[in-house]
C-alpha cells in the first residue's frame, strides 16, 4: 500500500494503528484528516513536549503559564500583560506577504482570546544573505505583510530583530510576538464549560484556505512540490480581524462568554478539541451551520480549513441574544455551530448525519511523544560564511561592521511599521535597547507621579547558537534581560519560539536539547518564568538545516517610564563608562567580525558565568530605572566599538574614548555577554562602583577611540546599508 | 504596442476588498450587485508583446494567489 | 451581467507604483517597456447595467484623480 | 466644550484622538451608524483604516450615516477636523478640496516630522504662532496631497493652507509641501500628521496639542 492515506497525511503506520485502537475501528476520511492534524508535530509537539518540561514555569508575577493561548504576568494595580511569540515560517517561505501578515493576525488572536487587548507587536525575522534576490523578495514581502496587518488593525509594532545568514536562504523565519493588556479578572480560559452551552463561530466565512497547511505546510520539509500547495495560501484580512477583536473584547468585558478560543493551525479541529480537552467535556459541531465562502466544501474541509479571522466562543443559551447583538453592531458574523456535551467526544455532524466521532482525549493527549536521540556532531556542520572583509585595520572594520546587514540601522524597515498608535510608545525603535510602553496613556504628567509602564525585547542570534547551542541560548536570554535592564525594567516573564531543523536528525536533536537546557538554566538563575511559546521544527530543505534559532521575548516592569534611558549619548561633557560583569570575556569566536572575515563557525563558545552577568544586569537596571543614567546600551554584536558607534548615532553627538593604543580588533569588536556602555554625569557613573570603568567623554562630531576616529556622518552613512533593500 | 494586464484574486481565494465593496453598495442604493472582486490593472507600452506572459509570472502578478489576463490594445 | 471597471490614475498624475514596476523590469531582463501605469480593476455581477456609471462616479473611482472605463462581459 | 470623535469600522486612532481632546475639553465617541452628533461642539474624524482602506482610502467610510450629519454640521459652520484617514474621508466626501494619493515612496511611512504653521489665525491653529514648527509624527501610505493647479492657486489665495512640512521633511511628495488644508469657509480642516500622537512629552512631543487647544478655545469663546 504505497499510497496509504494516513502516510500521505503524515502519520506513521504505528500512529495509524494507535488511532484505530483508540476508536476501536478504522477512522473515516474526516476523522483521519482531523487526527493527522491533531497528531502533527505542530499541534502535538511530538518531539518537543518532553523537553519543554525542563523550562521553569513558576514565578512571583506569573498569572497564566503555558497551556493557554497566551501566558500572562502581573504588572500591579490588578492589571496583567499577556504575551506570546509564534512562528509562521513555512507559510512565509511560500508567500511572504500573506504568510507574515497572517502570522501577525494569528498571534493577535491568541492574545485577545485570553481577554487581553493587544498593545504591541514585535517581529523576529531571518533571511538568507541580502545578495540573494530571493532573500530580498522575502524580506520585502514579510516586512510589508507585517506592516499591513499590524498597521491596519491599530496595534503598534514596537520592536523586533532581523538577521541575514546563508543558513536561512531556503528557510526564512518569520516569528511574531504580541503583548496585550487586561485586568486580571478579565483573563479568560479556552476551557469549554457548561454542558448544554452553545458553541458559536465568529468572524470570517470558511473557505479552502490552508487546507493541509498544518500537517503539510507547517511541519514537513519544503520541496519542489511547493507549487501544488499554492492555491491554498491563506489570505489575511486585518479589517475583519479588527472587528472580530473589538466584538470579542466587548463580549468578554460584559462577561457574556463562558470561554473563547482562536482558530489557528488545523482550524476548527484543533480549536474545538483543545477547548473540549481543557474543559473536560465533549462538543457536537454541525458543519452545515458553518458559513462558507465556497458552497461545495466537504465536511472534512470545513473541519480543517485554516481560514483566518475566526474565533470560537462558548456561551450560555440565555446570553446568545446579547452575543448576537454585539456582533451585529460590529458587523461580525456569528453562527451557532454546536453545543457542549458530556460525552468527552468531538462529534461532527452534517445536519442530522454523524460524519465523525472521536474521543477528545485521543485527539489531544494520546499522540505518541517521541524521545529525541541527540548526538553532538564531531565537527561543525555549517559551512564557513563567505569572506567579505579583507581589511584588518580597525579604522575600516568599524564601518564594515556597521554596514553589515546584521548590524546596519533597521530604520528603513521599522519606518514601515506604525510604532505609535495607542499612544503608549515611550521609547521607540532605535531609541533604546527595549521598547518602553506606558501602561496608562490617559494619565497626564504630574510632578512626582511616576508613569508606570512595561518594556519588551526580543532576541536570538542563531549563528551563536549554531556555534554552541547551550551557551548561545544562555546568551539570548541574557541579552534580553540586558536589554530590559538598559531601560530599567525588571523582568516578569519570557516567551520563546524554538525554530529548529528536523529533530529526527541526531545533531538537530542535540541542538534542541542543549538549547532548551541553556534557556532553562539561564532563566532559573535570573528567576524568570516561561509563560508560553511555540515550536517550529523541520525548518530545512535541500540546503540543510537552518541555524538553530531559539527566539526569546522578555517582558519587564518599568516603575517610571519617564526615567527610562535611551541608548543615545546626550549631553557634551558627560562621562562614558564600560560596565562589565566580573570576569566578562570577550572573544572573536562566533562574532560578527569573524563572520565578515569568513571564519569557520567554532564548535563551542566561551562559557558564561551567569551569576556574574546577573549581577551586572541588576546594577545597570537599578541605575537606569532610578533615572541616574543618560544612556545605557548593552554591548552585543560587533562588540564595544560598535556599541559606542550606536550610542553616537542615536544621540547625534560624538564621544572621545581613551584607548591604550593596543589596536587588537578583538578588544574593539569581540563579543561576549555581560557588558554595557553607559553615560551620564560623572558622579552617577562613579556611583556604579567597581564594575564600571570610565572610558571617555561625550561631545564633538566624531567618535574617537584612542588613535582612531570617525565622523558621525561617516558612521551614519555606513549604517544606512539596508535602505537600498527597500528602495 | 499597448498592453493591459488584468489581475484578480484567484477563484476561491479570499478577496477582502471585494467583500467590503459588496457590503457597501446596498447602503448607497445599488441593489442587485454580486460577486464583486477587486483586482489590479497594469497598463504598459511594450515593444515585444511576447514578453508579457513572463512579466506577469515574474513581477506583475502573484501567480500563487492571483489570476491574470492580458489584453492587447494595438494603436 | 458581468461588468468590469478599469480605473487608472489620470494622465499627468504621478504614479509611483507604475514607476516602480518600470524600474524593476529591466533588472528582470525585460527591456523596451514604457509608460507603465498601475490601476485597479473591479469586477461585478449587476442586474441592471445602467447603474454602473453612477457606481463609478460615486464609489468605485475618484473622478478628481482617476479615469475609468467600463467593459461589459455578457455571458 | 465637547468634542465628538467618530468611530468607523477599522478606525484605529480614535481612542488616541479622544484622549488628546480630553486634555483640553470634554470628548466622546460618535458611532458611524448614528445619524446625529449628540450636540457636540466640534467633530474629529480620526485616523486608522476605516473599512480596511479597501477599494480606495476613505471611499467607503464617507457614506456612513454619520457623515450626513457631519456634512450638515460643516455646512452650518461647525468645526470638523480630519486626521490622516479622516482627512482622506473628508476629501472623498467633498468637504475638503483635493485628494490624497499614494506616497511618492509607495510604502507606509511612520516618522516624526517637522510641520510649519502657515497661518495662526484659524480656529485650528489659533493657539500656535505663525511660523511655529511642530514636531508631529506621520504614518500613512496614502498621504500625498494633490489638487489641480487652479485649486492649489485658490487654496493659497484664500489662505486655506494651514500646515506645511518643513523643508526636507515632506514625507510623501505632497504638492507645495502641504500637510494640512481647510475648506474655503475655514471651518473644516484635514491634515496628514497625527497631532493626537503628540500631546504628551512622555511619548515624544506635545506639539500637536495646539490643534486641540485651538479648537477647544474657539468653541468656548463662541
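Here the chain labels run A, B, C and D in written order, and each chain numbers its own residues starting at 1.
As a working rule, contacts are C-beta pairs under 8 Å (C-beta built on N, C-alpha and C of every residue); 3 or more make two chains touch, one makes a residue touch a chain.
Since the structure is predicted, the reported quantities are computational estimates derived from the model, not experimental observations.
The interface with the greater count of contacting C-beta pairs, when A-D is set against A-B, is A-D.
Chain C has its Cα centroid 9 Å from the Cα centroid of chain B.
Separation between the centroids of chain A and chain C, computed from CA atoms only, is 39 Å. Chain A and chain B have Cα centroids separated by 35 Å.
Annotation for chain C: residues touching 2 or more other chains are 40, 42, 59-60. Within chain A, the positions touching two or more other chains are listed as 237, 239-240, 331. Multi-chain contact residues of chain D (touching two or more other chains): 51-52, 54-55, 60, 63. Taken as a contact graph, the chains fit none of the simple arrangements: neither line, ring, star nor complete graph. By the touch rule above, chain B contacts chain D in their complex via residues 16-17, 20-21, 24, 27-28, 38. Note for the complex: chain C touches chain D at residues 9, 13-14, 16-17, 20, 40, 42, 59-62, 64-65.
Partner chain B is touched in their complex by these residues of chain C: 2, 4, 6-8, 18, 21-22, 24-25, 28, 30-48, 51, 54-55, 58-60.
Chain contact summary for the complex, chain A toward chain D: residues 144, 147-148, 151-154, 237-240, 242-243, 329-331, 414-426, 428, 438, 441-442, 444-445, 451, 561-562, 726. Those residues of chain D whose C-beta lies close enough to touch chain A in the complex are 9-13, 15-16, 19-20, 22-23, 33, 48-49, 51-54, 107-111, 137, 139, 194, 196-197, 199-204.
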